[in-house]
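Presented sequentially are two complexes of subunit A, the first with subunit B as partner and the second with subunit C.
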Partner chain A sequence: MPVTRRTVLALPVLAAPAILGAREAFAAPSAVKIGAVYPLTGPMASAGDSSRAGIELLIDLINTPHPELAPIPLMAEAGLPRLGGAKVEIVYTDGQNSPAVAQSDALRLITQDHVVALNGAYQSGNTLTASAVAERYGIPFVNGESVAANLTERGYKWFFRTTPIGPDIAALYLDFLASVGKTGVKVAKVAVVHDTSEYGVSVANTIKQVAASRQTPIAMDVSYTVSTSDVSAQVLKLKQAAPDAVIFISYTSDAILYMKTMQAQGYKPPILIGDDSGFSDPSFIKAVGNLSQGVLDRSAFDGSKPGSNAAKIDALYRKKTGRALDDTTGRSMTGMLVLCDAIDRAGSTEPEKIRAALSATNLTPAQLFMGYKGVKFDAKGQNVLASALMVQLDGTDYRSVWPAAQAAAKLVLPFKGWS
Partner chain B sequence: MKKRHLLFVVLGILVLAWPLVLHGVFIQHVAALLVLAAISASAWNIVGGYGGQVSIGHAMFFGAGAYGALAAYTDFGWPPVAGVPLGIIAALLIAVLVGLPTFRLQGHYFSMATIAAVELLRILLSNVSVLGASVGLMGPARPRGLADLSFRSPVPYYYLFLAVLALLLVVTAWMERSRLGFYLRAIRGGERGARSLGVPVVRTKLIALMISAGFTALAGGLYALMVGFIDPESGFGLLISVKMVIIAALGGAGTLWGPLVGAAILIPLEESTNALFGGSGTGATYVVYGAIIVLISRFLPGGIAELVQLLSVKARRRAA
Partner chain C sequence: MILVQLVTDGLLVGAVYALLSSGLTLIWGMMNVVNFAHGDFVMLAMYVAFIAVTTLAIGPALFVPLAALVLFGVGVVVYYALIRNVMRGPMLAQILSTFGLGLVLRYAMFWVFSANFVSLPDTLVGGVLSVDGLRLQYSRLLAGVVALLLTAALHLMLTRTALGSRLLAVAEDRTAAMLVGIRPDPMQALAWGIGAACAGVAGALIALFFYISPLVGDSLVLIAFVTVCLGGFGSVPGALFAGLAIGVIESLSSWFIGAAWKDVVVYGLFLLALWVRPQGLLGKS
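This part shows the complex of A and B:
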């Protein structure tokens, strides 16, 4: 065939069915194939790449013997012991930033690559469409990181989620305060400070609802607009009301402004909790870390306790990528770990058996490297033991301080702030 | 002419019958995506191709259609398909509201104004809670009945999309021969000249935009039926608009079959590069995809339609 413009242009059309169909031919016989949908290109690519690197590390640890990581399932032996040591093979696909692409990916993984289960897909929208395909085909789908509440409200039989979502975070703060209250510290009056963005309002409302349902209602609600230039009125209000604990739901610039204004007005709440986002930002620590000593924050991952599973996994991840393991990557890895563990316990690659094994999952904190209270799914597929750790700022690092069993440092109260 | 008719009949039978013979689910899915892309590119083609008004904001109509379908489900519990007409009405309103002021602009300025309009809508929408705000809307998690048009197999979608595409092609073919089509081509040739010959420029452009918007919204509604989820980015994102333009331009903007040819090349290309290279995470999908677009715009700026024309002229010369 002469190479002309016509033949060059015809190539993609002629080759496409062959390419689209070809992957079917190369099915490795003994490996257990799992499909992973993550955003590997587009605006979410850096997060997707981290998740992928974490999963690559995890699969490597599963496929080779690592007795030093023994409490974590599947680490001690090579491969999946109850499947004759079969290796796990991940087929990665790029969900981009598009629910339609994630849908295509899931369909291709199921019908062409014949994966036994699916994992992913980072963005809640991508998870939604990809898991809907899995549901139609009766293939288990385990999600480790998407937080949209509606994902587990669809009545799906094949969808499981390991990550903590809004109510779990609210419960974490309230449990923490209740536990601190038992040591004699006053925690009766709690204030919530939040911006009026969707993030601020939804987290604040969830905390208020959960608190009300426990008969320990939130005493005070202070709101402000995002990226405001002045919060002195809000700080003054807090100073006058003098709550025992304040929970801030703020983005970085507002969190910084609050710390500066509180210093200017000489106000220190006895317990100060920041909800992840603004307070976890390295630029927060850089800007006002010296004014914020003893700030409490939450994180599902904390590698600061020497000898813990988290510290070991963190060290391996650093060796592989040169970066510290972050919360989201840790959550993605946990989703995949739970899936592999279920396949092993099922002792089979039959979807129904894997689903049954997932439903029966019961992992303890000692078997995990995240700050979860364990993994156990309810009828909707949500992990009822999903939680996080309370971490406290000491110098320039956050260290886990609660629950005590997973703590790397001792909780220091009251809030020290500046010296 | 007889030979050409025969070709069309054979092609038509192939297009209709192949899913009954080939059972690869993923290939069927890609075929449905291909027809869907052909619908939105053909809809864009009416105003962008024939009229030469290069809109890079057609996602506003696509998004309106998709949101109409899923808002009807989320807010009223209707089957999504019942919301498609609502989406089309919204798209027509947007077309008038955006068209009247922006049609005063010409060339690049018109394109830029359409980009601004669609971005504005996308950001506005992120704050409207009845439309799911930044989280988006989802369709029925599992079909409640046939009316939800939620199928496991891609084949029903394929035929549904094909029927809509056929309707759109008939409308376009009619328009090509009608006064509207001649007016549009005159406007593309030069707006001042067209006006001096008595073409009602603004009215013509507006009618074309409304036809185009209606069908683009229909494509958006069909997308929502099949994908079952829409958020501001996947409905009103810039890439959605750009893809329509690329497909139409690749096949040949301002021709009846151009957008179809463009979709038939680009969608399988996109899906197969993503299948082959997507998992590597290196972005090779876009490199291959982009390289082909660059090659075509370098060697065939008029699209594939131009090549076909060139070849048929050559063949006729050889025959003579």
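This part shows the complex of A and C:
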């Protein structure tokens, strides 16, 4: 072929597909981007920070080989094996304490950062709006920690949730109280104290409904606004009514304020249950742990068995942050783990394939580090194998106390509080 | 009996509101500047108390004056570095500059202390005064007493001293004050210093029975704005009465109507009060 000006000019054009093709082949294990919405500033930021630290640890474990954690998916090899060892990259955004901000975060992650899936968003109200955006764009959204029951009642196709939710939690508390009642402790009169957020209202209503359906109605309902400046009147009310057990559904700031005010008013309910979020926040224990001895809490995390997945992950988390892994962080991490596992099984970053893989998720307790009976989603996207234990604060650690078969310590009643 | 407890609880909370409002009303009255960073000044003072307790192991007798002193410095610096300039700008610039200052302080604390909640040991001013079943926390009583003393001291300073007259003269008419030989800048810097020092006292005392976090100002200060407004802009005794009234109304409405509704009651009554007396309870029309 004579070398003319035309053939020379044509060369790059002819070569272009080959070059582009080669680039694609090299680019195959490019990072898989996942968006994470958590409250990194604002009143819930201490919990959001913990979740972020937990997820950072998890992603680090996924991206580097850790054969010692082998039963947990994605731990043994580096990256996502079925995507050519692609690394996972998390784009964090700050949902603050605002459903509106969480919504615009989700929009930005999908349209500008082009994430393949979303995770978050801690507060039920934030999850509600962020997941609505994902649904609209057909992007999978996995939530690991929001418990408002209605989140999985919206008929969404792209929303999956791994945590135990309102009805599971309500059943746990009421079963626990009934079982304690059989030992001769009075549990006839139960009060529910909750804030007026999506989380507080939905969990309180679920507990009330489940209790009513069991013919053991909740005797008292005290509500207040989030980050309130004073709770003296509410504590006085509880003191006056003297319920046998009080269930608090509060975020950290209010949980701290309640404990301080109860000490000031000299009021100790015989049984005090704090519903996770505020009460499992490590900074709650730091701030008022000495006033809260014997607080009962629900938890799906129990790192006290040596050699278990939970103990290993707990040790790594302690090394990274200097504090024990808490239940909420563990649940957030599990949500992210399930999402990464599904992306790997999908072998693709196509939303529809990830969604199908999520629907087909079937993890056993041996593959998890939370005390769930497994992870398996129903048609609504709710994990039907989610479950929790009752734990009790002793010193600076929560230990599992009920059900007896899984207990690491003995249940101590009545609530001790402060000395 | 329960009513007595409710009213005393309300009065003690109200005293805290009055304490929070004292510095705010001073700056407002002296300079016609709304200090939106006031809550963050209070937050700074709480961290001063926290650092003092954890590193120097000192008690409230020392850390309250220390917080007042530190915040006085902050107030003066803020005046010379920021307020003096924006005072020449439009009203909106004044509002947004203090708002921005508040955000800077708040996120600086996020940076330094992270989002964690901290708390002072409950033994610093521990104990409860128990009379006939009535329970009063010493730490709150202390805050209440200081609120009364601070209000009295500020009021006397403004109405009975030459310094107060000079401050008021500058507030009333800057040019006229200059004509009679008062230099306005040091006076206004002083007003900011004293206002911030009040926030310092308030924060250090409230830290004794409240949690501390970078956002704590948000939970506390909104009601202080209402207190100042209801009491009458710039009226120190007005802020005290309004604070106490709001405290008692909150306490009673929490009990009789429900805690989730107390804000509706308080803000509803607040709007009604302003409708009748737009200048506030003790404000001059």
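The rule we apply is simple: the second predicted complex is superposed on the first by the 229 of 419 C-alpha atoms of A that agree within 3 Å, B and C clash if a C-alpha of one lies under 4 Å from a C-alpha of the other, contacts with A are read in each partner's own complex, and residues count from 1 in each chain.
To be clear about the criterion, a residue touches a chain if its C-beta (ideal position, glycine included) is under 8 Å from a C-beta of that chain, and two chains touch if they have at least 3 such contacts.
Here the structure is a predicted model, which means the values were calculated and not measured.
Asks: Which of the two partners, first being subunit B and second being subunit C, lies in contact with A:234: first, second, both, or neither?
Replies: After superposition on chain A, A:234 lies in contact with subunit C alone.
Asks: Kindly classify A:49 by the partners it touches after superposition: subunit B alone (first), subunit C alone (second), both, or neither?
Replies: A:49 contacts both subunit B and subunit C.
Asks: State whether A:361 touches subunit B only (first), subunit C only (second), both chains, or neither.
Replies: In the superposition, A:361 touches no partner, neither subunit B nor subunit C.
Asks: Classify the contacts of A:283 with the two partner chains as first (subunit B alone), second (subunit C alone), both, or neither.
Replies: second
Asks: Please indicate which partner A:198 is in contact with in the superposed arrangement: first for subunit B, second for subunit C, both, or neither.
Replies: So A:198 only meets subunit B here.
Asks: Tell me the contact category for A:98 with respect to subunit B and subunit C: first, second, both or neither.
Replies: After superposing on A, A:98 lies in contact with subunit B but is clear of subunit C.
Asks: Considering only touches as defined above, state whether A:163 meets subunit B (first), subunit C (second), both or neither.
Replies: The answer is neither, since A:163 touches no partner chain.
Asks: By the touch definition at the top of the document, which applies to A:136: first (subunit B), second (subunit C), both, or neither?
Replies: In the superposition, A:136 contacts subunit B only.
Asks: Of the partners subunit B and subunit C, which touch A:224 in the superposed model: first, second, both, neither?
Replies: second
Asks: Intersection of subunit A residues contacting subunit B with those contacting subunit C?
Replies: 40-41, 45, 48-49
Asks: Quick check on the complex: what are the subunit C residues that touch subunit A?
Replies: 2, 5-6, 9, 13, 107, 110, 114-119, 122, 128, 135, 137, 140, 209-211, 213, 215-216, 218-220, 223, 250-251, 254-255, 258-260, 262-263
Asks: Considering only the defined contacts, which subunit A positions touch subunit C in the complex?
Replies: Residues 40-43, 45-46, 48-49, 196, 222-225, 227-234, 236-237, 240, 252-253, 256-257, 260, 263-266, 281-284, 286-288, 290-291, 418 of subunit A touch subunit C in their complex.
Asks: Which bits of subunit A are touching subunit B when the two form their complex?
Replies: Residues in contact with subunit B: 5-6, 8-9, 12-13, 15-17, 19-21, 23, 40-41, 45, 48-49, 52, 91-94, 96-101, 103-105, 107-108, 111-112, 124-125, 128-129, 132, 135-137, 148, 150, 154-156, 198.
Asks: Name, in rising order, each residue of subunit B that touches subunit A in their complex.
Replies: 24-27, 29-30, 33, 133-136, 138, 141-142, 152, 223, 227-231, 233-234, 264-265, 268-269, 271-272, 274-276, 278-281, 283, 285-286, 292, 295-296, 299-300, 304, 307, 311
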